[in-house]
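There are two complexes below, and they share chain A, which is joined by chain B in the first and by chain C in the second.
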Partner chain A sequence: MEFWKRIEGIDRRWIYLIVGIAVIVPFLLPIPFPISITPEAQMLYDHIESLPDSVTVMLVFDYYPSTIAECEPMARSALHQFWRKDCKIITLSNIPLGGPSMAETVTREIAPEYNKVYGEDYVNLGYKANYVAVLSGMGTSIRSIFPTDNSGTNLDDIPMMDSVFNYEQVSFIFEVADNATADYWVSIVNAQYGVPMGCGTTAVSAPKYYAFVGSGQFVGLLGGMKGAAEYELLVEKPGNAVIGMGAQSMVHLLIIALVILGNIGFFMLGKHRRRVS
Partner chain B sequence: MSGWEIFEVWVIAFFTLSLFSFMYKDNPFYKVAEHIFAGLSAGYYVGLIWESVIVQQLWDPMMGGDWWLVFPGILGFLMFARFFPKVSWVSRTPLAFVMGVTAGIFIISQLHGLVLPQMQATMGVVDDVNGFWDFLLATVVVVGVISTLIYFYFSKEHTGALGVTAKVGIWFIMISFGAHFGYTVMGRVSLLIGRVQFLVEDWVGSFSYIF
Partner chain C sequence: MKTSFPVAVAFLTGMALVVSFFFREGTLVGDLSKNLKIWLTIVGGFTLLLGVVSITRVNWAGVKRQKSGWGYKLLTLVSIFVMAIPSILPASWSPLFGRAEGSIYDWLFTYLDSPMMATMFATLAFYIASAAYRAFRARTVESTILLLVATIVMLWRVPMGEAFLNLFPGDLPGFLNAFVMNGANLAVQRGIIIGAALGAASMSLRIILGIERTYMGKG
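This part shows the complex of A and B:
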C-alpha cells in the first residue's frame, strides 16, 4: 500500500520530467511507429491530384508560430503537391502574428526545388485585419482587399495576378488553421462562392471539422500532427511531422500507462481506506 | 550557419527554456520572457494594423481620390470616445454600425454555410442507406443527434422516456468529449514536440559552430 500512497502524492514535476524525456528520446534514437493513412487525408490528396494542371489555388497560413509543429508540415506538403502539378499559388494569412512571414519563409524555401519564380508562379498577399471583411471582399475583388502583396508591390505589377480577380479564378483553397477561421472560410467562401476547400488543422480543432468532411464542405481533412505526417507520406516527402510522430506515440503510451496507474492507485487506496475505517 | 543566425537561435532557445522553467516553479526568467512576449506582441500588432489598415486602406486611397473614406475613418476614430467618460456615448454610433454589419453577415453565413448544410448532411445519412453498415451508421447518427438534442431540452423535467433518451444523449456527449480530449492531448504534446524539435535540432545543432 505504501507504493500507491507514494504514487498518490507524487510531485507533478516528476511527471513533467518523464514526459520531457519521452519526447526527447525519440529524436535521439528514432523509433519507427507505423503511420496509417486515414480516408480524410487520402481524400484531400486525391482531390488535389484530380485538379487540372496549372490552375490557381490559394494556400492560407492561418496559424500562429506556436503550432508550427503541427501546421507547417501540412503547408510544406501542400506546396510540394501543388507545384508538382504546376499550380499557381496565392498565399495569404488572417493571423497577424507570424502568418505572412511564415508563408514567405516556407514558399521561398521550397520554390527553388521546382524552379518557381515569385510573381509568376506564386504570390504572398500577406495579412489584412478583420477576416470576415477580407473573406467576403475577395469574392468581389481581391485587389480591393489586397491592393499590394506582402512586400508592398502593387498587384497590377505582378504577372501572376493579371488573370486573377476574385474567387472565380481560384480552383481550390487549402486552409491550414489553428483556430476558428476555418469556420468562416466554410460559411463565407465555400458556401457563398462555391470554391472547393480542404483543411489542415491542429488536433484540438480536428474533431469539430470532421463534420465538414461528412457534409462535403471540405474535400478532406488533416487532423493535427498525425494528419500532417500522413500528408507528408502521401506526397512522399517525410519530414518533421513523421519524425515528431515517434515522440507523439511515446507520450501517448506514457499517458495511457499513467492513467491506468492512477486509476489502479485510486481504487486500491479507496478500498484500503474503507477497510481501515 | 552565420553568426546572426546563431544569435537568433540562442535568443529563441533562451526564451523557450525560460518559459519552460515555470514547470519547476515561478522565477524571474519566466517573468522576463512572459513580459517581453506580451510587449512584443502588442507592439507588432499595433504596427501591423497601422500599416495594413490605416495607411494602406484608409490614408493611401484617400490621398488617391477616394475622399468618401473619410466617413468610415471618422466612425473608427469615434471609437476612442470610450476613453473620455463625458463623450463616451458617441462611441455607440460606430458600434451600432459594427453590430449591424456583423449581424447581417453572420446570420446569413452561419445559416447558409453551417446550419443548413449540416442538417442536410445529417438527414442525408438516413437517405443514403446501402447495406448493413450504412444502416448501422445511420442509426447511430439519428439516435445520437436526437438524444443529444433532447439532453439540452430543459423545458420539461428529465423523467420517463425523456429521461432515458437524455441519458443516452449524455453517453454520446461523453464519447464526443473523449474524442476531443484525445485530440487535445495530441495537440498539447505537439506544442512540446515543436519546441523540443527546435532545441534538439537547431539549438544543440548550433553548438558545433561555437564549440
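This part shows the complex of A and C:
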C-alpha cells in the first residue's frame, strides 16, 4: 500500500523527465514500424491524382507556427503531389501570424525541384483580415479581395492569374488548418460554390472533420502527424512526419501506461469507493 | 442615438447581405454584396490596428507606472514594433525591409517567433502526460467508457500501437475507423455542428433585428 501511495504522489518532474526521454530516444534510435494508410488519407491522395494535369488548385496555409510539426509535412507533401501533376498553385492564409511567411518558405524551397517559377506556376496571395468576407468575396472576384500578391505585385502583372478570376477556375482546394477556419471553407466555399476540398488538420481537430468526410464535403482527411506521415508515404517523400512517428508512438504508449498506473493506484488505495459514496 | 445608430447599421448591412445572396453579380443588389465584402476586409484590417493600439496603451501604462512585471510589458512593446515596423517599410528602400526572404521580419519570424510558438505548444505533451496520470480516472461508468475508448484510439493512432492491436484477431484498426471515428464520433460531431450552426443563425437574426445588443456592451 505504501508503494501505491508513493506512486500516487510522485513528483511531476519525474513524469516530465520520462516524457523528455520518450521523445528524444526514438530520434536517436529509430525503431521502424509499418505505417498503415487510413481510408481518409487514401481518398485525399486518390482525388488529387484523379485531377486533370495542369489545373489550378489552392493550397491554404491556415495554421500557426505552433503546429508546424503536424501541419507543415501535409503542405509539403501536397506541393509535391500538385507539382508532379503540373498544377498551378495559389497559396493564401487566413492566419495573420506567419501563414503567408510559411507559404512563402515552403513553396520557394520545393519549387526548384520541379522547375517551377513564381508567377507562372505558383502565386502567394498572402493574408487578408476577416476570413468570412475573404472566402465569400473570392467567389465573386479574387482580385477584389487580393488586388496584389503577398509581396505587393499587382495580380494583373502575374501571368498565372491571367485566367483565374474566382472559384470557377479553381479545381481543388486543400486546406491545411489547425483551427476552425476549415468549417468556413466548407460552409462558404464548398457548399456555396461547389469547389471540391480536402483537409489536413491537427490530431485534436480531426475528429470533428470526419463529419465532413462522411457528408462528401471533404474528399479526404489527414489527421495529425499520423495523417501527415501517411500522406508523405503516399507521395513517396517520407520526411519529418514519418520520422516523428517514433517519438509520438513512445509518448502515446507512455501516457497510456501512466493512465493505467494511475488507475491501479486509484483502486488499490480504495479512492474509488470514497468518490462514489 | 448611441443605441439606435449601431442597431440601424447592423440591420441594414445584415439585411443587405442576406438579400444580395439571392441576386447575381451585375445587378445593383448583387454588386452591393461584392462591395460590402470588400468593406468587411477593410474593417477587419482596422480591427487589427485597434488591437495594436489597445495592446500598446495597456502595456505602456504598465511600463510608465512600473507595475509588477513591467519588464515583460516593455519586452512586449519592443517585440511588436521591432517586428512590425521593418515589415511595413517598403522593400525597395532596403532588402532588410518588407517580408521577403532575408528581411528583418523573415529572420525574426523564422528564428525567434516560429521556434518559440512551437516550443510553447510542445510543452503541452508534458502537461498532458502529467494531467492524464493524475486526473484520468475510472470514477464512473461513463468515464470508464471514455477512458477505454480514448486509450484504444490513442494506440491506433500510432504505428507501434497499431502493430500491437494487429496482434489480436480480427481487424481492430479497421473497426476503430469504421465504428468509432466514422460511427459514434461522426454522429456526435454532426449533432454538435448542426446545433452550433442553428445557434449562429439564430444569434445573427437576433443581432440583425436588434434584439441582441450585447455587442454594444448592453444586456
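Quick note on the criterion: the second predicted complex is superposed on the first by the 270 of 277 C-alpha atoms of A that agree within 3 Å, B and C clash if a C-alpha of one lies under 4 Å from a C-alpha of the other, contacts with A are read in each partner's own complex, and residues count from 1 in each chain.
Here is the rule we use: a contact is a pair of C-beta atoms (placed from the backbone, for glycine too) under 8 Å apart; a residue touches a chain by one contact, two chains touch by 3 or more.
Fair warning: this is a prediction, and the values are worked out from it, not measured in the lab.
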item	value
Combined model on chain A where chain B meets chain C, clash or fit	clash
Touched partner set for A:216, first chain B, second chain C, both or neither	first
Touched partner set for A:24, first chain B, second chain C, both or neither	first
Partner chain in contact with A:35 - chain B first, chain C second, else both or neither	second
Touched partner set for A:119, first chain B, second chain C, both or neither	neither
Touched partner set for A:184, first chain B, second chain C, both or neither	first
Partner chain(s) touched by A:252 [first = chain B, second = chain C, both, neither]	both
Contacts of A:240 with chain B and chain C, given as first, second, both or neither	first
More chain A residues in contact [chain B versus chain C]	C
Which of chain B and chain C A:104 touches, first, second, both or neither	second
Which of chain B and chain C A:132 touches, first, second, both or neither	both
Intersection of the chain A residues that touch chain B with those that touch chain C	16, 19-20, 23, 66-69, 96-97, 128-129, 132, 136, 183, 187, 203, 207, 211, 214, 223-224, 226, 248, 251-252, 255
Residues on chain B engaged by chain A in the complex (per definition of touch)	23-24, 41, 44-45, 48-49, 52-53, 56-57, 60-61, 102, 105-106, 109-110, 112-114, 117-118, 120-121, 125, 176, 179-180, 183-197, 200-201
Interface residues, chain A side, partner chain C - complex	10, 12, 15-16, 18-20, 23, 31, 33-36, 38-39, 64-69, 96-98, 100-101, 104-105, 108, 128-130, 132-134, 136-137, 140-141, 144-145, 150-152, 183, 187, 203, 207-208, 210-211, 213-214, 223-224, 226, 245, 248-256, 258-259, 261-263, 266-267, 271-272, 275-276
Chain B contact footprint on chain A (complex, rising order)	13, 16, 19-20, 23-24, 27-28, 66-70, 96-97, 126-129, 132, 136, 147-148, 183-184, 186-188, 190-192, 202-204, 206-207, 211, 214-217, 223-226, 240, 243-244, 247-248, 251-252, 255
Of all residues in chain C, those that touch chain A in their complex	25, 33-34, 37-38, 40-41, 43-45, 47-48, 91, 98-101, 105-106, 109-110, 113-115, 117-118, 120-122, 125-126, 128-130, 132-134, 136-140, 147, 151, 154-155, 157-163, 173, 177, 181-182, 185-186, 189-190, 192-193, 197
